[in-house]
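The letters A, B, C and D name the chains in turn, as written, and every chain counts its residues from 1.
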Amino acid sequence: MTIAFIGLGNMGAPMAHNLLKAGQAVVVFDLNNATVQELVKAGATAATSPRDAASKADQAVITMLPAGPHVRAVYENDDGVLAGVAKGVPLVDSSTIDPLTARHVIDTAAAQGNPMADAPVSGGTGGAQAGTLTFMVGAEPALFETLKPILGYMGKNIAHCGGAGTGQVAKLCNNMLLAVQMAGVSEAMALGVKLGMDPKTLAGVINTSTGRCWSSDTYNPWPGVIDGAPASRGYTGGFGTSLMLKDLGLATEAAKQAGQPVMMGGAAHQLYQWFAASGHGGEDFSAIVKLYSQQG
Amino acid sequence: MTIAFIGLGNMGAPMAHNLLKAGQAVVVFDLNNATVQELVKAGATAATSPRDAASKADQAVITMLPAGPHVRAVYENDDGVLAGVAKGVPLVDSSTIDPLTARHVIDTAAAQGNPMADAPVSGGTGGAQAGTLTFMVGAEPALFETLKPILGYMGKNIAHCGGAGTGQVAKLCNNMLLAVQMAGVSEAMALGVKLGMDPKTLAGVINTSTGRCWSSDTYNPWPGVIDGAPASRGYTGGFGTSLMLKDLGLATEAAKQAGQPVMMGGAAHQLYQWFAASGHGGEDFSAIVKLYSQQG
Amino acid sequence: MTIAFIGLGNMGAPMAHNLLKAGQAVVVFDLNNATVQELVKAGATAATSPRDAASKADQAVITMLPAGPHVRAVYENDDGVLAGVAKGVPLVDSSTIDPLTARHVIDTAAAQGNPMADAPVSGGTGGAQAGTLTFMVGAEPALFETLKPILGYMGKNIAHCGGAGTGQVAKLCNNMLLAVQMAGVSEAMALGVKLGMDPKTLAGVINTSTGRCWSSDTYNPWPGVIDGAPASRGYTGGFGTSLMLKDLGLATEAAKQAGQPVMMGGAAHQLYQWFAASGHGGEDFSAIVKLYSQQG
Amino acid sequence: MTIAFIGLGNMGAPMAHNLLKAGQAVVVFDLNNATVQELVKAGATAATSPRDAASKADQAVITMLPAGPHVRAVYENDDGVLAGVAKGVPLVDSSTIDPLTARHVIDTAAAQGNPMADAPVSGGTGGAQAGTLTFMVGAEPALFETLKPILGYMGKNIAHCGGAGTGQVAKLCNNMLLAVQMAGVSEAMALGVKLGMDPKTLAGVINTSTGRCWSSDTYNPWPGVIDGAPASRGYTGGFGTSLMLKDLGLATEAAKQAGQPVMMGGAAHQLYQWFAASGHGGEDFSAIVKLYSQQG
């Protein structure tokens, strides 16, 4: 049984490696030949196009791409996945894209007889390497059961979010909330320290009170509060500001199309836009605390 | 050994009852005689003024009052605590007030030889009745050790936040963050449901992802997601919108005086101001989700 | 000399009528045959497609359409303008759309030898009927001079904004600012009245002070302050909330693509999103004052 | 007939000079003796306290002070205005303070038989020197008529805002709106320039369209757009960021006490708080455009 994996970037490459480590036969494609060769060394077979890769897959086709237009191109172009894949082979797109594009591609795939799931991930490049990603899967129940063991080679939390398209919705809602929380934790920490509190003590109180959250107890933006968090290593690694900005753009766009106001999400979007425009796009997204604490 | 307890409102009365249940001798004062009589029936002694109550206390004086001006009056008036209390008896104010007023009263008390702590609480009237409050205590280490067992009769989490005044700071920082998170969770839930997700499923994904927080996993604002949360009983009980609005006013005022920007906290403040002005001040603060989900 | 006019909606129909009143020969197209027949009665010639209309124009082709996808379709489809128009005939799109789409169509037209301008308007249906629209024109200087007299039949302020695409930029910047001002005036009026001021007196002070602006001195959102403003006739007529929301969506999207933060514009966008989602999309955009003044 | 003038800072000193130039007898007081001597050289009489100054006035007492606590002290202290002034002499406070404090002092003065007006100004130190200030006067009609000629020696626009206290309300509403507009104009200019427009052209379009306002057509924040505006001289002179921040703090506090949401005003407050905390408090308030245009 063979899996096609298309899109071998910072996330896709380690995910494909984990499939190989789990003993799966994997055929890969990427425009970057160097990355393809890395995978070939590890046991993968190289394909010449998405269509070629998909034509060789009988277990599943998995894609991991930067944005919606890439997803449409990789699936719908003449040399794309849909032109090559055999009827009935399940498709999984793990890119983070807008729900409308996701549903469009899923519907097109369904129309030609290929069940498709959207399964964006969280956990970053660290989770991709360690095989500990969270997959947020939008799929019919039967398809979810089929895909669960395959995704389990690359992640440890395989969450079923509902029918096709809901994986993207869950991810955007979670990440919009995450940005709101990270900015909120940054403000609370900066205010407390300005008013005389020790940052570790303040975080300790919050983490045992009603303000507790992942952005405070696991990924606190204040340097020195959490060992091993990006804040304690110069805001390197982790989940980049520019990626968070991308997700906020998708979330507020989805809200706009749904006619749904998102006042806090919109405010967080503009703060991250501001922070990225100030030259911090390459830092971890918890560096947003710099807006609040290095002003004097 | 006798404890004076002044301020027998919705929070103070059950706190004083818990001191009595723990076998402490308690002398009480409140302007509302009916409440005083309830406590007397339970074993307390009635005092005729804050000064009278304080003069009979040799273990501690505890106050629980609505706002800063009440605290100043109860401590500093001619018939106030400071006029009656014996030198060396420790004082504890559990009101939630602005840090500047707190520090002013603490300094005045210290100048006449009474060590004083600010120890605002979280946990609401439910926590006050059950004796499970969290106390956020600002006090010198020795004073904290003296007070810890006394506060332990009324709460289960007695957090030491640092020197005098830091209890208020910790509470305001935590509650400002809490308001930001509750509005953020409300937006994320409303957006996800509008885009087709089941609310329980969405909350489940968030609660095992980077968006997890108390406002989602313990106190989710969407009806039916968490059994027993105010959202599942018509937004009654819990922590009222008008109390949250009061704390947001204190937090943004403290930020203003400290010259500290709080963009997300300021936005949450205005949303709660809007919500309270629309007639929802008496509902639980998680009802803010109504801004997002009952608009059509 | 003949002008083709395509898109005969609430704005386009009266604009085409004004061309006829000015003695121009006009060939028209719209999917709605009833509107076409109205124009034919007034002296226009009916065409069977955008392509057909464009093929009969030797002076200019003008389009007035709801959104970017319609513009692309009307120009680029097989039966579209570009397929029918003779080389050298100038094209004018008066739709309000995103600058990227505008530039794409302009570049495509230029490549086949047709100079094209973007010329969105302000002034609403009232201005369209009275021939008093403002045109914000993005065009090379020579093209602007050619178009100016034609646009002058439909408007009284023909503003040259710079090269192709700048018409859309100017309109979006102006309208984003307008939304910020209208929300700001609404807050200032509501706050002043709540604090005891007479609304006409407050507006009078603002209008002779540094807060003066069109949203206060010409289009004040408080009922009774300006005779003839939509606020004084139940927020009917004027510039609809849903149109303002559309423009705010275009402006924040353009800002996102430019990596430019717009904190106030983003906040106004969410307020209008909220207001429209609450069922006010059909009212004049100055009705946003209801968010502030009918809360008790 | 003698006027007492108390508070000879950057605003008060030139105002008192203008009274002298108009031929009025003026008795002055300030804690800064150097400024007092300047006025004495110009013909004023020095007093030894606010009480002393007030006791020598039979036409009016005018005060110009930094903040609410100074106003209360200057009027209510033992050596204050109210202790010295003869019954019936009218009082005018031109400080910008919160409406509640203003009304408190006005009520106290009325109770002892002195009619009092609040009359904050706009126009800055330039307007104070040139005698072109705008006075926003809260006073009963008869008192307003009495004061109008006196204020006319110092300003050219004497606006009657209503009863006592409304002067402060009008000023805070106007200035909150002004901050919202200045931030809005800054965003619109920065966005337009980023998208390729010439700043003067963009301002020209806005100034003849619905976005026109004082912040764009008279005081545009973009350098080079308006000759003589602070933006064209390095953001020096004009109305300082720290003064705008003070007024925004008063406006949002007044809104809080009135239970009135101000979403846009609150956002502008936080932006100015951020800008001042970043070290720009001494620049003209139009320098807020730097948040948007010097980020790369």
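The definition used in the following text is that contacts are C-beta pairs under 8 Å (C-beta built on N, C-alpha and C of every residue); 3 or more make two chains touch, one makes a residue touch a chain.
Computed from a predicted structure; not experimentally measured.
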{"item": "Same vs different contact residues, chain A with chain C, by half of numbers used", "value": "same"}
{"item": "Chain whose average C-alpha position is farthest from chain D's own", "value": "A"}
{"item": "Euclidean distance of C-alpha centroids - chain A vs chain B, Å", "value": "39"}
{"item": "Intercentroid distance (Cα basis), chain C paired with chain B, Å", "value": "52"}
{"item": "Of all residues in chain A, the ones touching two or more other chains", "value": "255, 259-263, 267, 271, 274, 277, 291, 295"}
{"item": "Complex contacts: residues of chain B adjacent to chain A", "value": "99, 122, 134, 136, 157, 159-163, 165-166, 169-170, 172-178, 180-181, 183-185, 187-192, 194-198, 201-202, 204-206, 208-216, 219, 251, 254-255, 258-265, 267-268, 271, 291-292, 295"}
{"item": "Chain A-touching residues of chain C, taken from the complex the two chains share", "value": "249, 252-253, 255-256, 259-263, 266-267, 269-271, 273-274, 276-277"}
